[in-house]
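Each of the next two complexes has subunit A plus one other chain: subunit B in the first, subunit C in the second.
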Partner chain A sequence: MAQEKRVVFRSGWLPWLLLAPQAAVIGVFFFWPAAQALLQSLQQQDAFGLSTEWVGLANFQALWADASYLDSFKTTALFSVLVAGLGLSISLLLAVMANRVVRGAAVYKTLLIWPYAVAPAIAGVLWLFMFAPSIGIVAYGLRALGLDWNHLLNSRHAMTLIVMAAVWKQISYNFLFFLAGLQSIPRSLIEAAAIDGASPWRRFWDVTFPLLSPTSFFLLVINIVYAFFDTFGIVDAATQGGPGKETAILVYKVYHDGFKALDLGGSAAQSVVLMVIVVTLTVLQFRFVEKKVQY
Partner chain B sequence: MVERKPWLDWLAHAILLVGVAVVAFPLYVTFVAATQTAEAIIHAPMPLLPGGHLIDNMSAALGGGTGAGSSAPVARMMWVSFVTAMVITVGKIAISLLSAFAIVYFRFPLRQLFFWAIFVTLMLPVEVRIAPTYQVVADLHMLNSYAGLTVPLIASATATFLFRQFFLTVPDELVEASRIDGASPLRFFKDVLLPLSTTSIAALFVIQFIYGWNQYLWPLLVTTDESMYPVVIGIKRMISGGEAANDWNIVMATALLAMLPPAAVVILMQRWFVKGLVDTEK
Partner chain C sequence: MKSFAPLVPFIAALSLAGSAQAQTEIQWWHAMGGARGEWINDLARDFNASQKDYKVIPTFKGTYDESMPAAIAAFRAGNAPHILQVFEVGTATMMASKAAIKPVADIMKESGIPFDPSAYVPAVASYYTAPNGQMLSFPFNSSTTVFFYNKDALKAAGVDKPPTSWPEVASAAAKLKAAGSKCPLTTSWMSWTQLESFSAWHNVEFATKNNGFGGLDARLAFNTPLHLRHIENLANMAKQGLFVYKGRGNAPDATFVSGECAMTTASSSIYGDIKKNAKFAFGTAPLPYYPDVPGAPQNTVIGGASLWVMAGKKPAEYKGVAKFFEYLARADVASESHKRTGYLPATKAAYTTTEASGFYKANPGSDVAVNQMIRKTTDKSRGVRLGNHPQIRTIVDEEFELIWAGKKTPKEGIDAAIQRGNEQLEKFARTAKL
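And then the complex of A and B:
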């Protein structure tokens, strides 16, 4: 596709006018605050906000020395690995099955995609309700089975709870992309493998799965971005980072330190670290898109 | 089907049914809880069959409850959510259409710079700049207002890209024909480009409406006044009473109400929804 138009309109002022709204919004609400975050990450305010001084990289050094920040990194890593791993494998299984059935495929699709519409915070509330130690129906069932569920005290239970809620919400998205990927694999390849006597199991791992790898890689990046940035609502509603700080993922910590603990410099330094992470993930994603184009 | 293996088909249906059941279970529990009284729920185990209080709970929620946490009327929250989601959606689509039109159909200095500036906003989600963005909104006196809830979220790199990609596929002959007929650029935009873009607009509408309706972190920062809570924030405030002290029947009735509009959009506009997802991620 052409990257430029051959035929264009001529006007000195009109394009500026057309761009003005978007430029104003990104200037005022994106670039100015991002620049502020960069500046504040190099500054320290006194307790009353009366004076600020330049402290160089001290905020970052403080972050690396802060055990709770490093813990938050580990928590986030564990959380995103679990969310991406479980979310992708469950959705892939469902998509392969939905791709196989002839009757009812559209119904299954509709019944599986609606959680996309549920707000993360509401997903958190629903799962919290089912697993609330004293009143939750699932917590009650687990206790009947001999598992004393209490995510308010047990950090593994808390992590399990937010992972389940996050995976539940993301399955719909992964499912749609896997299904589209599966449907774009030429039937002739599968048929050829079948004629050569490959079992359905063999066919999946030797033909379908490798051909699906662009979709899988794309979804992996998207799921990690999701786990890092879009799950704030789930964490805030279900566990509030607790017990202790065992489920405080990075985004939750930025919010907590900036708005609850009022540590502006530290929060800004954390923002800058997050920016670096987003840039890395975005670059990864776009490099992959370029590769897909060359196929 | 490559070969006939009935047991594999049964297995596929079985796995899908289990998947659907697990996905639907939280919704079912929510529905049942919304039909019970508060007492029935806090005596574990709560009933697993619907009771007869759905209408009562819904009207109690809509009119404002007496719960341990927040008790603002949900009807107002639904309205705030609706206005916010619509302004974000229409705003994003409008300013992205205009920017894409300017970038594709005009040559002017700094054009590439604008393009890259819009691109870079992809890497600056609210989460990575929350404190300074809050500061800007506070300085502009936009806290607790629709402007504060919507304007900072209105820029959209993905929508601008989508329209740019689409405009690049529009044949040049249409521009030439319009110019020969003496149409101004804005006339061309209104009478040729907009009608051609309706599919992309519908697809984006679904995605952005859900995005707007489901916002959480940003409204949490900029609204402190109950009358400006979107419903997603309202629910979170309702459960602040602690496990057994919350009116869970009202909370779950509210959750149902809060899920209804975006779920309806996804299911009723399924074709556009799928197209929107696939297009915006390209």
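And then the complex of A and C:
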């Protein structure tokens, strides 16, 4: 590995100046809204923000007293594991395949990267159209196969639908990073393993996969964050949290209570809880999973 | 200063352009898509062509439950539109936000435009009137719940006349199913059609305190034996494939228009859409009821939306708003809107104009909604005005989905909906009192 390079600044203010643009972006787009959320989670406001009352931790207490909120944790855990797990494994498979393609590689790659440009809500609507019980082409096909697809009332179907949409949307991103990771693996290592008589299967698991671990780890963190934060548009467009509340993941509830139900205090309290969960998860991942990563 | 010299003519031209554009612009945010969106655009265009001083600019801001938060966010940021179309279930929220809105009665008075609330259809006007008798919003597009049926499908199934009672609906559905229909009956707006209008239609309370008209401490009351009986009936029909759940809000409308579902209870305002797009003969009938309930049928409750005027605008702009409302309320304009959309006529004069034009005779069924609404209302049937009403409707959707899926019994579903809905009412009462 390359030697660590250190640059020493002579003046005291220059590093701060160079940091300032990035710090400003993070400050405006992350710390300031986060602070707002913290503040609002302790308040109760009417819809138009005309009156504000400090209520202490009442918003949080209301959450713990709400059985449907606690259920939502289970839904979210299932959803996130499925999205991150499927998203990573499918895109790794695709990247490995695409890496071997010689003819028309650019076409495959472009097609695989395409979905990333689609907005979450559009992704939700696309999948909804295909799976709409009355008019969807896939639902029609499934019915021909004897499966009565109805995500309006069947919670498994509903969960399947939003997981598919969320995974599809994220595969491109994962694919891109995996492909870049694969291409940076020196061919000589794989050839050496091949000469030693390792099967393709072993070459992948003993050479390629460990060398991909920094990429995989990075993507794991990103995908968990994606599943937790970035998927409310898909849920809103495809199932609106239904049937019942069986696909109402935490971030959808934040969105629904804040933007549809106009309960900013309750919504802010939920987003604080969500923030704590994701920070904890990320710290845990860096603490335990990162040890297995070989840079 | 020298360097500015070349710019001078340009700046002069700019300020000239500014003074030439003396028209006052009125921003109007609405939630009407499709054929109804065209109607909105036509109204604005015709009003703009009818005078020179004001220009109404309509903007589509998504569905009702998207446009209201959008306007609220705009209000918080200090650039709210002048006119905002708010669905009827947002009424309590708007009423409670006194500093954010300007009552329509005030606007008309300040602009010197004669305004007589008694000219409006009473059941509609009273819904948008404050307890002190002041009309707060302009009753623009009111609808109510009616029953639509596919004439061709019923005929093919051997049903000679449209069902009028729920037992008749059940037997017609059974015949339709036997004739091969995959979706004999569906419904849009679960809470509105099957609980709110259902309650008023049978003259029972949906919520205490006259359905919320009597105060913020109203609580949901749709757990009577009658309500339970009805939901049990629907659940049984769902089990047999006679009633098919097609989603929340107005999503099921499309399944009737496409011909998939043969009967539905929906907003009277989809009349225009069905007429334009359905490839079959359809009929409109009053909402079904249970004939053994004394006092039924009473009247149904209002839906649709009204136009609210936001606070903090210039007097000249308010004058434009008043002129626009005066235009909308004109008998010929309101009658034309009623005929075109299936929304209720806004004023009594619009109703008589429509009747005189022979429209109801030429389009049988188009008067069903009007007839359901112009009856004398009771305290229990005047309408439902509850805080956090949109959330309560979502809760009903959620709990009832578990009933149709067979995961909860009707009683469990109703009880859970009432308990969760009451929490919303308590929450609203707290913030509204602040």
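Please note the rule applied: the second predicted complex is superposed on the first by the 216 of 295 C-alpha atoms of A that agree within 3 Å, B and C clash if a C-alpha of one lies under 4 Å from a C-alpha of the other, contacts with A are read in each partner's own complex, and residues count from 1 in each chain.
Here is the rule we go by: contacts are C-beta pairs under 8 Å (C-beta built on N, C-alpha and C of every residue); 3 or more make two chains touch, one makes a residue touch a chain.
These numbers were taken from a predicted model, which means no experiment stands behind them.
Visitor: Name the chain, either subunit B or subunit C, that contacts more residues of subunit A.
Guide: The partner that reaches more residues of subunit A in the superposed model: B.
Visitor: Looking at A:240 after the superposition, I want to know if it touches subunit B, subunit C, both of them or none. Which is it: first, second, both, neither?
Guide: second
Visitor: Return first, second, both or neither, reflecting whether A:110 touches subunit B, subunit C, both chains, or no partner chain.
Guide: first
Visitor: In the overlay, answer first, second, both or neither for which of subunit B and subunit C A:134 touches.
Guide: Both: A:134 reaches subunit B and subunit C.
Visitor: Considering only touches as defined above, state whether A:188 meets subunit B (first), subunit C (second), both or neither.
Guide: In the superposition, A:188 contacts neither subunit B nor subunit C.
Visitor: May I ask you to decide whether A:259 touches subunit B, subunit C, both, or neither, giving the answer as first, second, both or neither?
Guide: both
Visitor: Can you list the residues of subunit A that meet both subunit B and subunit C?
Guide: 133-135, 259
Visitor: Can you tell me which positions in subunit A touch subunit B when the two form their complex?
Guide: 1-3, 5-12, 14-16, 18-19, 21-23, 25-26, 28-34, 36-37, 40, 90, 93-94, 97-98, 100-102, 104, 108, 110-123, 125-130, 132-137, 139-141, 168, 171-173, 176-177, 180, 187, 190-191, 194, 200, 203, 218, 222, 229, 232-233, 236-237, 251, 254-255, 258-259, 264, 267-268, 271, 274-275, 278-279, 282, 289
Visitor: With touch defined as at the start, can you tell me which subunit C residues reach subunit A in the complex?
Guide: For this pair, the touching residues of subunit C are 65, 69, 72, 75-76, 93, 96-97, 99-100, 183, 245-248, 255, 258, 260, 388, 390-391, 394, 397-399, 401-402, 404-405, 407, 420, 427, 430-432, 434.
Visitor: What residues of subunit B sit close enough to touch subunit A in their complex?
Guide: Its residues touching subunit A are 1-3, 5, 8-9, 11-13, 15-16, 19-20, 23-27, 29-30, 33, 41-42, 44-46, 48, 94-96, 98-99, 101-108, 111, 114, 117-118, 121-125, 127-137, 151-152, 154-155, 160, 165, 168-169, 172, 175-176, 179, 185-186, 188, 210, 213-217, 220-221, 232-233, 235-236, 239, 243-244, 248, 251-252, 255, 258-259, 262-263, 265-267, 270, 273-274, 277-278, 281-282.
Visitor: For subunit A, which residues are in contact with subunit C within the complex?
Guide: Against subunit C, the touching part of subunit A is residues 44-53, 68, 133-135, 152-155, 240-245, 256, 259-263.
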